[in-house]
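Here chain A shows up in two complexes: once beside chain B, once beside chain C.
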Partner chain A sequence: MFNFSALFRKTISISLSVRKIILPFFLWILAPVLILTSAFITNGIIIFLFGYNPIEAYAAAIGITFGSVSAISETLVKSTPFLMTGLSVAIAFRCGMWNIGAEGQFLIGVLAATWFGTKIAILFPNTSWIAVPLCLSFAILAGGIWGIIPAILKVTRGVNEVISTIMLNYIAIHFVSLMIDGGPLQETSKTGPQSDPIAEWVFLPRLFEAHRIHLGTGLAVILAIVLTFVLFRTTFGYQLRAVGEGAAAAEAAGISISQNTLRVFFISGALAGLGGAIEIMALVPHRLTENFSPDYGYTAIAVALLAKLHPLMTVATALLFGALAKGSFAMEAEVGISRQVTLMMQAIILLFVIGASAVNFFRKYNRQQKL
Partner chain B sequence: MDIIAILEDILAATIRGATPLLLAALGEVVAQRAGVINIGIEGMMLIGALFGMVGSFYTAGLPFLAPWVGLFVAGLSGLLTAALFAFFAIRLRGDQVVIGTAITLLALGFTEVVYVRLFGKTGSPQSVPYFKQFDMPFLSQIPLFGDALFTHNIIVFIAFLFVPCVYFFLYHTQLGLRVRACGEHPKAISTVGSNVSLLRTMCLLFAGAMAGIGGGYLSLADVPIFTPGMTAGRGFIALAIVIFGKWHPVKAFGAALLFGLGFALENRFQAFGWDVQYQWFLMLPFVLCLAVLAGFVGKAEAPLALGKPYDPSE
Partner chain C sequence: METENILELQKLTKAFGDLVAVDNVDFELQAGEIHAILGENGAGKSTLMNLIYGLHQPSDGNIRIFGESKIFKSPRDAITSGIGMVHQHFMLIENLTVAENIALTVAKFSSKDGKTASIESDTESPPEENGIPSKLSTFRYKKNDAIRLTEALSQKFGLAVDPSVLVRTLSVGLKQRVEILKALAVDARILILDEPTAVLSPQEVTGFFKILRALQADNRSIIFISHKMKEVLEISDRITVLRHGKKVYHGKTGELSAPGLAREMLGEELSEVERKENKATTDLVLNVSGLTVPGSRNENAVLDVSIQTYRGEIVGIAGVDGNGQRELAEAIMGLRPITSGAVEILGRQPSGTKNIRKCGVGYIPEDRRTMGIITSFSIADNLMLNIAHFEHLAKRGVISQKAKNRAATQLINTYDIRPSSANIPAFALSGGNQQKIVLAREISPQPELLIAVNPTRGLDINAAQYVHQNLFAQRDQKKSVLLISTELDEVLQMSDRLYVMSRGKLIEATAHRDNIEALGLLMTGETDPDV
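Coming up: the complex of A and B.
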């Protein structure tokens, strides 16, 4: 006779393992997938309402982003600035610092690299072993200093960092324009608002001869790993997270809030600045132009939040946003949608991430980030 | 130009520059007093600027009515954007800084896509009726600064009228008291029977509508033009005005005039043709903003519950 009670017990044990193992796994993988799918569908509907064909648009985007080896290499190249700025934002947000200033810090990094590459590197020709690391450090320093300004204002004057970082973004944008449009960094022929190309021995080398993927991409991924280690396996990282979780409690435990604020803003700015330097040192035309950054710094917020502020996950989300940015070119060229549709898309993803945190099903996924 | 003419010119430009900032900042004062920090003003202004022009463009057959339709549509589109904000910030209780940033990104993308779809890649439509300057009878005849103070388009005067209105609402009505209580101690006001979520939503919608109208001013007053990203940080400056104005409508009015002066000088200095790069002047309002925040804020006087989502079940 069939043993019902055994079957019953077996069902219970399966359902237990479903709850304990499969469901959490399912949430980790499926939650972001569901968020993204809904965001893509919503965006598709908007595209449709504008009178374009969303399927055609998406197909064009996918073809150009993952259609071939060189397409994938290009997508990785496009993802690099998103990864660098995403890491910058992730580490600041982890510490509870709303650094909206990655845009400005990125640009100041580019500016420093341009200055070094066009003015200083000339002094010691054909020495890439020294020029490249020096140029990178220069950008790191410049980005870090630009990043620490809002921290100083916050610590000493109590200025809200959201507003000061946004103001510094605008100042950086106009400052870059000042330098390359009539300023000392404008190209020697003075024809257009752009700098001279940086010296050849400051270029970042490619990883493979045939593809544009470069050392900077590798550097960014290594940095993501290092940051993960720092954040979760060192005292410093622990302090950062403690301040982010609850400043008052951290202070009661003897962790200096002002010191961590200054540190995290420097690191955050340095990462964004380095990201800027990588862009100009690795990619043709190696010149600083106007609109050098298509809002990398703002997109970075979506990149970091979708990754739950985890440096390793940021690699994946940066790849997604790189693909989005690249795909939008195809959508513009083949379907005629304005390239700015990506900004909309990013915002929708961001809103879905926030929305998901309020839905019970996603609670577990979102437990870490209190959005 | 003699000195009086220059001063008059700068004064008039200050008032024109301050108007959109003032409109957005007044809405934001109310929202922040209710405890909601709306970083999305920049996006709401941008959407208002686009739809203000669109509204006027499609009713151009009625030249007297069209700008008003545009202004109404601008306010409405700002209000709808704020409704989206409210859904995420109040219904779903998400983080307001992130939602605000998302709204601004959304608006940047959305306005450009709509704009390209409607008008193509090149230029604004030519035939958009807009608000023209007119002389206030008698007042503009006042010697010295009468002309600078009273020769403007109608929205300027409306914006100025809003200052006492918002002040009266916040400090001399029962509803205003409740709004302020929402920002200071939502639990207390909830205990005595007010609906915190509803009040905050209403204040947000008001802020959105005001930001939309502020944006509409940019595209409908004096010169009818829309360019993608044309708000150029004015929404964020409105945010700074609220802080500098210590969350008070009258003080915010003063702060708006200061930043209006910043924008006015930006234009005037460029017109003077000095041998200085123009970008310095573009930076001016933002540097001014930072300096003002660093120099004057000092003691925090923000509403206590500002930026904290309210959970009625707690």
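Coming up: the complex of A and C.
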């Protein structure tokens, strides 16, 4: 006899497994692949329309970003400042503090490292083991203090942090210019608006002799892991998130809003400042120049938001931004595509990624409506 | 009365995944009828209404309105078909005035003839009917027209409200009026009211029922969703009872008595909470003296209030919503600056909410969705949202996941929070279950002092009884409870000593506890009820 009920049960269990296992797998693993594929097809069409060979352009871009061990190392190096500033923004936004000041905090970190590296480090020559950590701490402190200014203004005077952080960015940018253009940090020869290179024993060591990937990159990734732990496993992170996601409820629970505001701005500024120090301590020419930061601090907002303010996801999005920057450069240099077009292509890829996360958002939203 | 069915639901079913929220429900609504839908939280009342209102689309079955079979893709479709809904959580724009909120609805939806209001009415004054301008400009907002429309509407239906004040400054009861006015402004023939009395005081309920009668006399139909039997019996013409998504009872009001309806609702008999002998002591727990607190409009929300609570007693504060109760509670909790006076807890004067919490004070705030829970947090995270708790669950700042989940699971089970998985975000829970999170968190650690503001608002009978039992248990364990509630019945049933709060002042009213009339007078601002 044929067992209908068994067949029926089996059919149901298959349909259940489709819904509960295969569909989520598709959404979380295959969806990103599909999204990136469609973004690259769209960009391919654009490259084609501008009269270039898309295959050639992509080959150049992929070759320079992931084509070899050294290419990967370079991409990681390029991604590091995006990661550091991205983490800075992510942690502040998590607490509901709209810190737009990563750019300024980054630069103040660079400035502190430069000052330490060119002036103070001279006092104890050839002592990497003490000079490097000291220089990093110096930048962390400088970035943190710069970062805490808008928090103090907010807590004591109610100044909106968006305005104060943007203003502090301008101050930081021009203060840096002042210091290296006629100021005390200008190079000894006084020829251009740049500092002397920092002392050799303040350089950040490489991870591998043959490649440029350095200790700072490793530090940034470790920080991303540490921050994830702090956010989701400690009372400190719990309080930060509570203030960010429900300030009134947090306050009623006895969590101090002002205390957390001060804390998170210090940490946020410290992370950006550390990011700045890493750049100058790890990379040639090891000197502070004008336009030292190609808007890392602003791009960081996109890096963090794209990662949904999750420190671990920030590693991935920073890598995406680093790869995009490198890939565009390759298309410009090797295929001759103009900068405007590559910038447009970067924006298209980001739009696809953001669009996809919006789809996920709506899935969540619908679920919320249903229950 | 006509017996024409203006709304019919035929075998309506709505499933969300495996969960069937509305199961094969038949329902009909006659013109000029008040039809009550009774059911516990989660019985499917809200889902059924959302189906009628176009927020959800049925999985199966038919909605017929004015004899026509219709599918509403969105609330917009429902509104143009003459259905208005007043949600439990109001859908008002807080930073606009009353008139602006109403103008927005009118401009967005159709006027009486079913067409969109024309642009021409911009230049000339709109045509009027019963003193109600029927049209407002779609494109240009004219302040005076909007105010006139609002005034005319509120006069016609006896819903007094000042058109030019900002909605956020209104009390909950007044906000509800604005919601009803909004529905009437687009001439809704069918009004769906989701738990409308949950936010009202007894006096306001009486007034509110008058409004409903007036609307009924105007041949409008009302679907009245509630789980309060007394009110349903008082106001409705017919009753439908839902249980677990199914229609279990349907009949004329009065055919079945309150216990009978309760049995249909719960599927079991109810047991009354017993009120035990008062065992109050002379140990002072909370000592508020001469407290004056500024409100949001810089007036004195709380004026020279002194109140003491002792170990082993429940002190109740009754009063109409918006008379300073919220401000008083927040000032005691250190959440609001104080103009003058002092708050002493167990002989100490802790400064800041953190220290007050650490003295062992539990707090059930009035506004659970913004002050009680964090909707994006998981149930487990919400269950430890109290500085005295989560510091307890942590070792050197690291929260023990094991301890956290164990505590959460235990609370979820004792308080029957559904769904019962600790990692589900709180926004996925119904209002009643969100309230249970707050209660579980604040009551279970047995605080020395519990400040409870409307603790049973939005809860079903069983859950409310459970809360009452817990408050009594607190009292019996020689703890102190300050119960602030707009539900007079609750305050009368629970408190050992009774106060009434009115316009920021507190009046001792224990002597009047058996005299509802005197209490009513005190609530409306009379200082001496014996006159």
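Rule of thumb we're sticking to: the second predicted complex is superposed on the first by the 285 of 371 C-alpha atoms of A that agree within 3 Å, B and C clash if a C-alpha of one lies under 4 Å from a C-alpha of the other, contacts with A are read in each partner's own complex, and residues count from 1 in each chain.
Everything below uses one rule, namely that contacts are C-beta pairs under 8 Å (C-beta built on N, C-alpha and C of every residue); 3 or more make two chains touch, one makes a residue touch a chain.
Owing to the predicted nature of the structure, the values given are computational and were not obtained by experimental measurement.
Q: Let me test your reading of the model: by the given contact rule, A:42 touches which partner, first (chain B), second (chain C), both or neither?
A: A:42: touches no partner chain.
Q: For chain A, which side has the bigger count of touched residues, chain B or chain C?
A: After superposition, B is the partner touching more of chain A.
Q: Is A:255 touching anything from chain B or chain C once the two structures are fitted on A? First, second, both or neither.
A: So A:255 only meets chain C here.
Q: Quick one: is A:341 in contact with chain B, with chain C, with both, or with neither? Answer first, second, both or neither.
A: After superposition on chain A, A:341 lies in contact with chain B alone.
Q: Applying the touch criterion given at the start, work out whether A:246 contacts chain B, chain C, both or neither, answering first, second, both or neither.
A: The second partner, chain C, only.
Q: Would you check which partner chain A:53 touches, where first means chain B only, second means chain C only, and both and neither mean what they say?
A: neither
Q: For A:238 in the superposed arrangement: first (chain B), second (chain C), both or neither?
A: second
Q: Taking the superposition on A as described, I'd like to know which of chain B and chain C A:127 touches: first, second, both or neither.
A: Neither partner.
Q: Looking at A:137 after the superposition, I want to know if it touches chain B, chain C, both of them or none. Which is it: first, second, both, neither?
A: It touches nothing on chain B or chain C.
Q: Check chain A for residues that touch chain B in one structure and chain C in the other, and list them.
A: In the superposed arrangement, which is not itself an observed complex, chain A uses residues 370-371 for both chain B and chain C.
Q: Along chain A, where are the residues that touch chain C in the complex?
A: 233-236, 238, 241-242, 245-246, 248-256, 367-371
Q: Could you list, by residue number, the parts of chain C that touch chain A in their complex?
A: 16, 55-56, 333, 335, 352-354, 356-358, 363, 365, 367, 370-377, 381, 384-388, 390-391, 394, 397-399, 401, 427-430
Q: Chain B touches which residues of chain A in the complex?
A: Chain A residues touching chain B: 50-51, 98, 100, 153, 157-160, 162-164, 166-168, 170-171, 174-175, 177-178, 181-183, 295, 298-299, 301-302, 305, 337-338, 340-348, 350-351, 354-355, 357-358, 370-371.
Q: Note which residues of chain B are touching chain A in the complex, please.
A: Per the touch definition, chain B meets chain A at residues 39, 84, 88, 91-95, 97-99, 101-106, 108-110, 112-117, 228, 232-233, 236, 239-240, 243, 277, 279-280, 282-283, 286-287, 289-290, 293-295, 297-300.
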